[in-house]
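To start, the structure itself, in structure tokens.
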Amino acid sequence: MYQRKRIELIIEKMAHKRAGRIFESCGMTGYTVLPALAGYGGGNRWSRDTDISASRDMVVIISIGDVARVTETMTQLEDLLGEHIGVVTVSDVEVLRPDRF
Amino acid sequence: MYQRKRIELIIEKMAHKRAGRIFESCGMTGYTVLPALAGYGGGNRWSRDTDISASRDMVVIISIGDVARVTETMTQLEDLLGEHIGVVTVSDVEVLRPDRF
Amino acid sequence: MYQRKRIELIIEKMAHKRAGRIFESCGMTGYTVLPALAGYGGGNRWSRDTDISASRDMVVIISIGDVARVTETMTQLEDLLGEHIGVVTVSDVEVLRPDRF
Amino acid sequence: MDVAISTLLSPIILFFALGMGAALLRSQMSVPEAFAKGLALYLMMAIGLKGGVEMSKNPLTVEVMLVLLAGVVLSFIVPAISYFFLRVTTKLDQTNAAATAAHYGSISIVTFVAATEAVRMSGLDSSGHMVAVAALMETPAIVTALFLANRGAKRETPVAGSERGELIREVALNASIVVLVGALIIGWIAGEEGTARVEPFFVGLFQGVLCLFLLDMGLSAGRGLRQGWRELSAATIGFGLYMPLVSAALAAIVVMMLGMDTGDGALLITLAASASYIAVPAAMRLALPKAKPSIYLTLSLGVTFPFNVTLGIPIYIYLAGLMSGAGG
Amino acid sequence: MDVAISTLLSPIILFFALGMGAALLRSQMSVPEAFAKGLALYLMMAIGLKGGVEMSKNPLTVEVMLVLLAGVVLSFIVPAISYFFLRVTTKLDQTNAAATAAHYGSISIVTFVAATEAVRMSGLDSSGHMVAVAALMETPAIVTALFLANRGAKRETPVAGSERGELIREVALNASIVVLVGALIIGWIAGEEGTARVEPFFVGLFQGVLCLFLLDMGLSAGRGLRQGWRELSAATIGFGLYMPLVSAALAAIVVMMLGMDTGDGALLITLAASASYIAVPAAMRLALPKAKPSIYLTLSLGVTFPFNVTLGIPIYIYLAGLMSGAGG
Amino acid sequence: MDVAISTLLSPIILFFALGMGAALLRSQMSVPEAFAKGLALYLMMAIGLKGGVEMSKNPLTVEVMLVLLAGVVLSFIVPAISYFFLRVTTKLDQTNAAATAAHYGSISIVTFVAATEAVRMSGLDSSGHMVAVAALMETPAIVTALFLANRGAKRETPVAGSERGELIREVALNASIVVLVGALIIGWIAGEEGTARVEPFFVGLFQGVLCLFLLDMGLSAGRGLRQGWRELSAATIGFGLYMPLVSAALAAIVVMMLGMDTGDGALLITLAASASYIAVPAAMRLALPKAKPSIYLTLSLGVTFPFNVTLGIPIYIYLAGLMSGAGG
């Protein structure tokens, strides 16, 4: 098993393509977007099924990559998150096939 | 980057508001709820699209916070999980903006 | 709190039952399947709502277990992922009730 | 008997059988949850509106009030009887027995609808206020069941994160009660004329949507059975087959006592005999999370529901005929 | 006034009230997002087709062109006025005021549909091209609002990950514009004969689907209000009530100037008075992510929408009657 | 030719064009997956029921059996021919060629429906059992394709986690086969009278729902094309255009040999010429996960489907006319 980094970005659904472009341009080999159902932040709750505008929907983007690319990606995500709401974390993971990342 | 903790709670959908109230009352600044599609536990499988009652639906709640609040939250979650089914884990993550958590 | 391992497997939705059988046969006590919404890999983007065939849908399977079983599971997942697309990671987590895993 | 056969061969039941067959053969097909939930909302709006429009044509009489009351009483009592049978004849513990009992005291709105159809096909009439009876019978069973589950040992402090009144809110304002009662009142206010423009949607499509929904119910029932039957003993499965008849007998007495006519009587008996598979399971996850869905759901959806929509309903109509003859 | 009352008691409004009531009583019921989004698509296809078929019956005149142009101009101007009122009377900052203003300049298609119904129930006629006016009025408001939001301080570099033209694409080709305009053109091409076979779906079911959709809108509006009202000052809530009237007055002048007849006039006034709750909120998440949905959505969906569908529309029809009398 | 034009201008095709156009212009609009899947279920139930009701009117003859058999044989043979063309004219490897071939041997139920409409608009008749032919033609192609893909090198042990029979179950009991065949049998059993009450739903709405579904197919096809065309060589795209004609020619011979009448003949030719875009892609993910959806889906949904519903169907009807003239 090999050491890699895992980025987890929680961001507005409307902005997820912006985030995706950052991952792609920083050379991350892939990412996966999960829909969120509900959430809480800044004192406010939201829920997908009770907001007809869907404008508060959030998604979680997971992306696995090597340290260098993850660092590069984080710099650009910092700029994106300066504008958008959302939360980003990085953690250590082990992977099977190191050449994929 | 700054060290924080990430709680991941897998719990019945029907009970997710209870969990949310715990996160909020323990001072966690936010959380995000993801829907699950299917699962397995205690020898039984469930699946969202094949159970018309939706009573077995589970969700995953992710919340990032600092050590103190996470510890406090875990204590109360222990009580909740004594009653409800579900699984909770804590892991180390790095974040960009430490003041948010 | 007790040390356990967390497997996160990103795999085609069509293959998730195969993965589930591996988790079950390796003695993992449970797993939870989350639907993905969109993603990118190998230069291609996919999105659930814009592909009527649904054949590119991915899911994320989360499973918590002890080191021994996780190691065993990873061996078999390696075989599965030799055929299927997808990504698997392992990370360290702390759990509350050690006897559950 | 003719009615029984033509009911069994109606597209609605055939689609249920198709779904059940597909699930038992392990087909992977499914109806997306969001779509099925949307159809369920539609069905409840349609039932409510229809009932309301019919109620708007007649004044509310004391007889009607008595039927409403009888329904509530039945819903309170049936769980106690169910619990007794479960504890005596099966090995279910207190919690699982109570949770299961709640399902049998409450009602299944789809069984109700199927009975309404069968009543109509038998050339009988039924009244709009039976929808109100159905709505009223959803909840009381839960109260009885919680009382039974919590006898003896009990936590003194509420579980972390719980909120005063959340269960009551969940139960008394669940989607099916809100929509059934709400649509009933709307139908009542708007009347036949006011609802004319929504009729093509709520009346014209009803049977067809029901087919689609029953296909999904068949899939759920079949999958539940296939996965859950191992957890059910013969005694438990037996309960799922005789309990509807016990409740039906009890309701039949009420029908006779109140002198209800055959159509309404058949519906009241069906309501008593039917078991919940949406509202109560959801409430149980909150109130009795330790009870196993693989027991109560398999029983209610996999055993009792199929029994009711095939053999049960013709029996209940026949029974109501006897009773209304005896009473009137 | 009779019209006002029968509008208020129509199933559509009653289902909206039901949803709002259920949400305010904290019922947990919900309409799944995927299902509601599907219904919204259906409604827009149906409106577009109907408008297109009607347009196919008459030639495009200069008068029609002038109405289209007037709609666009109104959508450009109203946000400026809204912004002015918000900045002067409330404590909203530049960003939130601009984002809110965009909502009031744009339109609510459901309010438009409700007005079409009310117009029909008043025995008046309306024209197919009003659907085109509605589609055209969706976007311009956003342009004005972005200009207002970005006056003064501005980032010089675009935010990481953004793409040239993404906002324009998002806004000009959002689902409601694509489907409304697309279906309008399809209805125009296919005409009455060509669309005959889809009529049972798009015409017959329209009222009923609208009921279901308004139940969901009621739930959203009620929940929004319950959660968001604390963020709204009295002045802000006031804005949600008087701003529709200000826009209506402005539009009324246009109606008089163009000599529009009462039905079409009422629709134009309604469009001006209505506020967006789907297209503009989505655009704001991309363009002004720092603006708070709990302000603009609560105001548009929780305050202005209920006001418009209950009290507003009768007023706008009355106003249009005055104006077309005055003008013609 | 008139038929060709009125087909092209029918709302169904226009909505497909709208979706495709919106996707190519990079509109972000979408139809939620759960809703689209629900509509697909509806369409298959409706087609099956209709076919079954029609079949209930006529006895099953040897001629019908021969047509069913011919469909199966075509589905087995077409993938072999497709595979040959792909390997000779394109650079696709064994796996991708086999996976693509499976799509062309199987069928597209929406193309079938569109052809049924066009046949009707041409004043011709078609028979209910053609639905059974469609259902039977879904699967055999997959068998041929797997044989082709696995010639030569093969894993000796099954992949971890796989289960004996899972692929067969997935393929033979996929949603579209279960629902088509199930509804066909239900329609057959219930007959015209038994299905009368579900007619407003399954017959009345069919055309309209199809519009909504084709809007979604247009979006999928357009997005597939926009993202996938770079992976497709000119030779591959060419295959997507001439292969339907090759299959059509083959089927035309069958039509002549069996002496089928024009309507049924046109449908058989269309089935042969059409390519799967739901059932086969799903099966390929399980059976040949290394094959690329961006190749086979783009080709089947982005190239062949649009070709068939616009130019193809009129050609196939014309061809069937020639053949049935020649044969009978």
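Residue numbering begins at 1 within each chain, and the chains themselves are lettered A, B, C, D, E and F in the order written.
One rule holds for everything that comes next: a contact is a pair of C-beta atoms (placed from the backbone, for glycine too) under 8 Å apart; a residue touches a chain by one contact, two chains touch by 3 or more.
The structure presented is a predicted model; accordingly, all values stated were derived computationally and were not measured.
Engineer: Kindly list the shared contact partners of subunit B and subunit F, in label order.
Structural biologist: Touching subunit B and subunit F alike, sorted by label: C, D.
Engineer: Tell me the fewest steps from subunit A to subunit E, where a step is a jump to a chain it touches.
Structural biologist: 1
Engineer: Which chain has its C-alpha centroid farthest away from the centroid of subunit E?
Structural biologist: C
Engineer: Between copies subunit B and subunit C, are the contact residues mostly the same numbers or mostly different, with half as the line?
Structural biologist: Since fewer than half of the residue numbers are used by both chains, the interface counts as different.
Engineer: Using the stated contact rule, I'd like to know whether C-F or A-B comes out ahead in C-beta pair count.
Structural biologist: C-F
Engineer: Averaged over CA atoms, how far is the centre of subunit A from the centre of subunit D? Could you give it in whole Å?
Structural biologist: 44
Engineer: If you average the Cα atoms of subunit B and of subunit D to get two centres, how far apart are those centres in Å?
Structural biologist: That pair's centroid distance is 33 Å.
Engineer: Just give me the whole-number Å value for how far the CA centre of subunit A lies from that of subunit F.
Structural biologist: Result: the chain centres lie 38 Å from each other.
Engineer: Give, as an integer number of Å, the spacing between the C-alpha centres of subunit C and subunit A.
Structural biologist: Each chain's C-alpha centroid was found; their separation is 18 Å.
Engineer: Multi-chain contacts in subunit C: which residues touch at least two other chains?
Structural biologist: As it turns out, subunit C has residues touching two or more other chains at 20, 34-35, 45, 77, 91-92.
Engineer: What positions in subunit E touch 2 or more of the other chains?
Structural biologist: 30-35, 37-38, 170, 200, 204-205
Engineer: State which pairs of chains touch, listing all of them.
Structural biologist: Pairs of chains that touch one another: A-B, A-C, A-E, B-C, B-D, C-F, D-E, D-F, E-F.
Engineer: Which residues of subunit B touch subunit A in the complex?
Structural biologist: 1, 4, 6, 16, 20, 23-24, 29-35, 59, 62, 64, 91-97, 100
Engineer: Per the contact definition, I'd like the list of subunit E residues that touch subunit A in the complex.
Structural biologist: So the residues of subunit E touching subunit A come out as 23, 30-33, 36-37, 159-163, 166, 170, 216-217, 219-220, 223-224, 227-228, 277-278, 281-282, 284-286, 289-290, 293-294, 297, 301.
Engineer: Report the residues of subunit F in contact with subunit E in the complex, numbered from low to high.
Structural biologist: 9-11, 14-15, 18, 21-22, 25-35, 38-39, 200, 204-205, 207-209, 211-212, 215
Engineer: Quick one: in the complex, what on subunit E touches subunit F?
Structural biologist: Result: residues 32-35, 37-38, 41-42, 45, 49, 169-170, 173-175, 178-179, 182-183, 186, 189-190, 194-195, 197-202, 204-205 of subunit E touch subunit F.
Engineer: Across the complex, what residues on subunit B touch subunit C?
Structural biologist: 8, 10, 34-42, 45, 58, 60, 74, 77-78, 81, 87-92
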